[in-house]
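Per-chain numbering from 1; labels A, B, C and D assigned in written order.
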Amino acid sequence: MRTLFDSRPHEECGVFAVHAAGADVARLTFFALYALQHRGQESAGIATCRDGVAHVHKGMGLVTQVFKEEHLRPLVGDRAIGHTRYSTTGASHLRNAQPYLLHTIHGPVGVAHNGNLTNATALRQELLAKGVGLTGESDTEVIAQLLAAPTAEREPDWEGRIARFMAVAEGAYALTILTPGALFAVRDPHGFRPLCLGEVRTEHGLGWAAASESSAFVTIGGRFLREVRPGEIVRIDANGITAHQAPVPPRPPSLCVFEYVYFARPDSRFEGQMVHQARQRLGRELAREAPCPEADLVIPVPDSSVAAAIGYARESGLPYNEGLMKNRYIGRTFIAPTDELRKSGVRLKFNAIDQNLAGKRVIMVDDSIVRGNTAGKIVALLREGGAKEVHVRVSSPPVRHPCFMGVDMATYDELIGHRLNVEQIRDHIGADSLAYLSHEGMMRAVTEGIRGADAGHCSACFTGVYPAARRGPPRSLP
Amino acid sequence: MRTLFDSRPHEECGVFAVHAAGADVARLTFFALYALQHRGQESAGIATCRDGVAHVHKGMGLVTQVFKEEHLRPLVGDRAIGHTRYSTTGASHLRNAQPYLLHTIHGPVGVAHNGNLTNATALRQELLAKGVGLTGESDTEVIAQLLAAPTAEREPDWEGRIARFMAVAEGAYALTILTPGALFAVRDPHGFRPLCLGEVRTEHGLGWAAASESSAFVTIGGRFLREVRPGEIVRIDANGITAHQAPVPPRPPSLCVFEYVYFARPDSRFEGQMVHQARQRLGRELAREAPCPEADLVIPVPDSSVAAAIGYARESGLPYNEGLMKNRYIGRTFIAPTDELRKSGVRLKFNAIDQNLAGKRVIMVDDSIVRGNTAGKIVALLREGGAKEVHVRVSSPPVRHPCFMGVDMATYDELIGHRLNVEQIRDHIGADSLAYLSHEGMMRAVTEGIRGADAGHCSACFTGVYPAARRGPPRSLP
Amino acid sequence: MRTLFDSRPHEECGVFAVHAAGADVARLTFFALYALQHRGQESAGIATCRDGVAHVHKGMGLVTQVFKEEHLRPLVGDRAIGHTRYSTTGASHLRNAQPYLLHTIHGPVGVAHNGNLTNATALRQELLAKGVGLTGESDTEVIAQLLAAPTAEREPDWEGRIARFMAVAEGAYALTILTPGALFAVRDPHGFRPLCLGEVRTEHGLGWAAASESSAFVTIGGRFLREVRPGEIVRIDANGITAHQAPVPPRPPSLCVFEYVYFARPDSRFEGQMVHQARQRLGRELAREAPCPEADLVIPVPDSSVAAAIGYARESGLPYNEGLMKNRYIGRTFIAPTDELRKSGVRLKFNAIDQNLAGKRVIMVDDSIVRGNTAGKIVALLREGGAKEVHVRVSSPPVRHPCFMGVDMATYDELIGHRLNVEQIRDHIGADSLAYLSHEGMMRAVTEGIRGADAGHCSACFTGVYPAARRGPPRSLP
Amino acid sequence: MRTLFDSRPHEECGVFAVHAAGADVARLTFFALYALQHRGQESAGIATCRDGVAHVHKGMGLVTQVFKEEHLRPLVGDRAIGHTRYSTTGASHLRNAQPYLLHTIHGPVGVAHNGNLTNATALRQELLAKGVGLTGESDTEVIAQLLAAPTAEREPDWEGRIARFMAVAEGAYALTILTPGALFAVRDPHGFRPLCLGEVRTEHGLGWAAASESSAFVTIGGRFLREVRPGEIVRIDANGITAHQAPVPPRPPSLCVFEYVYFARPDSRFEGQMVHQARQRLGRELAREAPCPEADLVIPVPDSSVAAAIGYARESGLPYNEGLMKNRYIGRTFIAPTDELRKSGVRLKFNAIDQNLAGKRVIMVDDSIVRGNTAGKIVALLREGGAKEVHVRVSSPPVRHPCFMGVDMATYDELIGHRLNVEQIRDHIGADSLAYLSHEGMMRAVTEGIRGADAGHCSACFTGVYPAARRGPPRSLP
């Protein structure tokens, strides 16, 4: 079963924005994107605005590959937005790189977007029918062209036009928007994708910023202030931060729980807690639900499972150690592996640390199993390394449903948790035992650390209950 | 005090060689270099030989940046050598990239080199005086030109010419050499730099390989056989591996102990043990020598100190956790940080994981302190993150003496352990307490796991006792 | 006096289109653009269409720099359009490179454009006001977005939509348009910029093509058929060529006379004659109007004045020779000249051939004087080379008025013919005598060779009589 | 019959050197190489020297492609040498690019070379036998390594070492040499390849230069002084120019006559005359020897035959005109032509100017016929263009013998003049008549304009009489 979303790029990305009068905002944005690099390695871009003229540089690759000093120099202005973009098959074109810049009747506007509009096809069709030609396939161009529409009576300004967009858009979007007079940070009414506000102190004084994750502020010497609320439109300009709720119907808060499980940096903060601590608790809950007292050792699948493995080890009282070495030199290789290497596959990414494993009954903690391509190979690697038994413990439930909100798991077919039950998966990956954390356990671990009121989560990939849809997944949209 | 070595590039590198008839040896070498990337990110290269004609491609940057499919295609033959090179100031030129290829009266020869010849200046001068012009500054060209010299009666072949080179060379060298008929793997009589042998099974049958570290074999689906012995000349050809000791005076085995402490991959093996286990024991010894029972938490400075911190935590009974997040997206950035960022410095590399630190008395385990530029900044980061106390424990002794054998710490001036005593360093880095592992403790941890006879180590950077020199460091050489 | 056109790119370009079922149309287009390279060296691009999906590659630089085999490979289909673009200050961005591709409600459309819309600002404003955001500054995007507008009753197809565009567009445009079902070649009702039709015979049979100049057909082994008529819409598809006049008011034919004087290749044909012959007659008329019987020698300013100089020499009976050597290695240099070189300026482009000049009274034939920056320097060069006298003869009248139709001479201020009279110009360039061809002489030379009826020309840059405007130059447009 | 030279690169190049204290010598060299670009388009390079340290940048492609501002910046010093290199099959590697820089016992030395050593293989073998390894295949490295040899009693300085090289070298060499204290310009005792001296006036005062052709001086605002004499060693330093004859046996002066016929720029000067005038006389002699009074028109094959065609037309009294348009946009294309285009071949380079040819009996003047691949295609093009008859007149004799001195015509097999007689060639190219200039006529034309004593020429490619060899061509060398 393939859905209409397959042919469109997944907007699983990092966004950023900063206003800091007098400072080198493009440079600050560069280093912030560097901190958000894990959210997308396909392309990167920065846009600035001065005196009503917008400037942009974007390119394919890591942010360090896309930018040299000569590219930062023309990016003048007191405010900037930036974007780093995930690679999904078939949509790897420079024309889909962001930020997307457009000349409009209201002046230039730049948009950086994280998420997926579930009604993008319909919105796109409406634009085309109105006579607006589109240059690429991305949701971001659709958003920018919607913002370019002429202003009705009751939308005299950018806030009004953004609200108008929010009234017709469905799905997930965390946006940073650049206009001649201000920056905007906007989050969809569900708050599917994260977005937060921070302040940056430069030699020219105080500035304000927005980012997908709070760790971007820390990297550039700033600090986290608060999250952008679901449905909120935040304006950032020389006067600082002003915010209000968009006049759209409120929806249940639905932060993507997969950000806690896997996607976000451990040192980022959502809902008043750090991701690392939530992950430790995921490990703790997993140890309570699925103990394995006869084991000798708890090891993580690096790097995303380290915190959960520490939590599991601590709760279980079993020793924690490393059993796998991960090759740190990430970045696309243009070289195809030999047939032998392709078969083993996982070797280019992981080596076993044999002496830590030899003769041991090992608990391997993994954060999630999506397609099931890797786990089995790692189990085999551990056995070759001498492990006597390998017990796999997963710090989230089986992924059984596609995500339509911006995470790259788009079809039922590709999800091993949809096709096989737990025992079949155990057999498939060759583990001595396999246990997943329950949905209740996961939510208990996540919510325990939350500070503040109305938190809420989307865990549709685990449950099939899609917050945005009345009747199941939105795959039947026109 | 600056020494004559400062103006020359430090040959702190990874080398590789493989013979596998019928296989795509350049591709195997590519992936092996990928596994050795931590030994040098400045440049990379691969050379092959077929029918007496040598081919080479090399370039600046990571191995994944230097090679595309079009570069591998012309690299035909049954054997290849590869090299990945560390960046040291002032010597970052393509002309110093390796392997170094030379047409000689004996046919083409290619050389990949790890280490530093301590009498390179004298050898260079001898070559120049004989009328041999040199194209660059590297030791490797000197080695290749020495091998190009005409053959005397008693050196009728490559083994003879290699032995002749070894008779005049002083210092550290681990070489892979490519000739029309064979590969050679050669290690200096002290065995300063590591070099080992492995086998690789391809669809075309069995092949043999040499590498700076055994993890390179594992990455390409092969396995470790044994180390090249100090002073040994190993020939690899269609008949497999044949080896003999070079007719040079034996020297005390002196494997660089810093490979255990910091430089090598944790999953590599030297002297019968894995580096990860040696590092755990370094942490264990450190916990015994320098306990800190009042602390709440043991954290590593990632990534090189993780094993030692696990060892320390286990021995001390204190909980282990992560307190620092390291930015994974390594690779040169061409963008200069802002002044503010430059001052904070360490932020671009590390963020604190505040909630793990808040209110805690933290033991920060670091593998070594060389220049002292980073440790103080990390201590400050941990305090900002909320740590109540920061106790620094270093799993090696103070580095007090330069290395002339290929590690990038070349002058007394730059070594904080030479300029300050332990209390002064503690004050400099702002720690609540600071303790180093003793030399005895370090050697106990390293030697405990050794399997096999005549091991021996160079720890001159800690002790000032240089194995190769009769009278102190070789800085008075002409 | 600067006009509103200054901030917009001048669309002085070469366009091409070819339909040839089964043939490698992108490759044919590449070589056709190579033949049209003199019409623009800033950027180049090719678009194709197959099964309703459009493909494009474009980039900055010469066509040989923009295209490698890997770029041609994805450009599949039975038809292609191509574009090569002139560089004007301030508009040198990839986003202005052509062809411009757009997804529309009618399917994908690609546009390649030569010329300038004189009401582009107004059309642009109308689009913005309708809510269409624009990504760049080029007229071409405006044209494409106008074609993307929804179709009214009476414009059921592309012909209809093109006619609708022609009804609102003013100024100069020669277009090639790519749609899923056909190619179109379109020329504005004045026929300001040239456009012609040809046929190409490939191993797969007969194909049809359109190009700015007929020499493009010859280069790819095809042949010239006829010119596209002013106001004509020509459809090219599998059935060959079908054409009709757009339902817009006819205008007086106004082919740019500067194409004859300077811009076009000598081997191209307009209005039934080759440019080289027209230029020879320009020289002949010049010799009749402005003889110089006391001179020894006629030399051209290479390359564009060669034909006129030959015509002048033949008519006057004076010997023809070369007196200037032009550096053939055209292409942008990224290196700034030294101050001395900057002052002499013309030396990097021309050297004098001294021995041909020494002691001679030289007639230097130039095709036109626009800004007057170069002529004076060449006169000085000839004197340094030994010329006793230098008599400048210009084979067109003084350029006194800006062009708004696509030639890069956009403001009164920059035109030396507007600021100075002939004697002042003679003094400025340091010639012994200076004479221009009269407007009558120019038109006599051009029209003498015309075959076929309704030819007509725009010579507004010489006369100030703008065919498109009722009341003088269109510089007062909003 | 293939010779040993086939596998070696042909050193048909442009060389340059300049000393100008305080000036930006690398920039001057850049523009000089730009003027020498016709002598080689494969690679380009510049080397400078300051304080005993040499700097170099070189790369593949046109000089404008190889150099950007960032490459000039590090090229500091008061003197520079430069090189531009011709492309011959199989030797197109960066490692063969020049200048070639070498560290020697005498300090750094840089060499730029035009020509071919006929005993390079033997010299190379001697170097290898002495134990000098060689990095590439070029003669230039051989020359540099010979200069690096230790100094005997009687060669205390660079002049001595250069003389020593000249004593063993055979064949053609025009060299510019860079040393820490001076530049040298050196020409072999035959003076096969051209080399001349000039002066350059910069804002910092007077400087001196050497170049393959005098037009390079003019381009950078300097002036020609004199030619370097065969066998002369010219030193250029802060004191200006000092020169002496090398203590080697004098040989008959043998400037390559093909420089006059085809290779050099028309505005360059050799032996007191400009090449353009010599070429006009070649045309004059040709008109006398091979008139064609029934013809209507004389046309050149552009660009190298223009001067000869002018001379022919003037002598014959027939009108001169252009009949072929040459595509000016030179530079490698990476795109292979279609089969149809490949067959026609010449179309991508030339188009016919039909209206000048229609119904005419045309004399097509070509400077030379080497391989015979092009002439026949041009004749066909002229006929298609309407020419009634095509009479080919060649302003040099048939090329019947290979060149071993640096021009790219290396084997007997490839020379149509060796395989066929004149009537057979006429038939092969499809001309109505064909006539070559006689050897006597050519020498008369060339020598008539010579100013100064001992001129002499190599015309071995026409006669088979090789100045350097006692017994025929040097193809039997070991």
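FYI, a residue touches a chain if its C-beta (ideal position, glycine included) is under 8 Å from a C-beta of that chain, and two chains touch if they have at least 3 such contacts.
On a predicted model such as this, the values are computed, not experimentally measured, just so you know.
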item: For subunit A and subunit C, chains touching each; value: none
item: Mean-CA-position distance for subunit B and subunit A (Å); value: 36
item: For subunit A paired with subunit D, centre-to-centre distance based on mean C-alpha positions, whole Å; value: 61
item: Multi-partner residues of subunit D (each touching 2 or more other chains); value: none
item: Arrangement of touching chains [line / ring / star / complete / other]; value: ring
item: Chain pairs in mutual contact under the definition given at the outset; value: A-B, A-C, B-D, C-D
item: Residues of subunit A defined as touching subunit B within the complex; value: 23-24, 27-28, 30-31, 34-35, 37-38, 41, 62-65, 67-69, 72, 201-203, 215, 218-221, 265-267, 273-274, 276-277, 280, 303, 306-307, 310, 314, 319-322, 325, 327-341, 344, 347-348, 351-356
item: Complex contact set, residues of subunit A against subunit C; value: 101-105, 109, 128-136, 144-145, 147-150
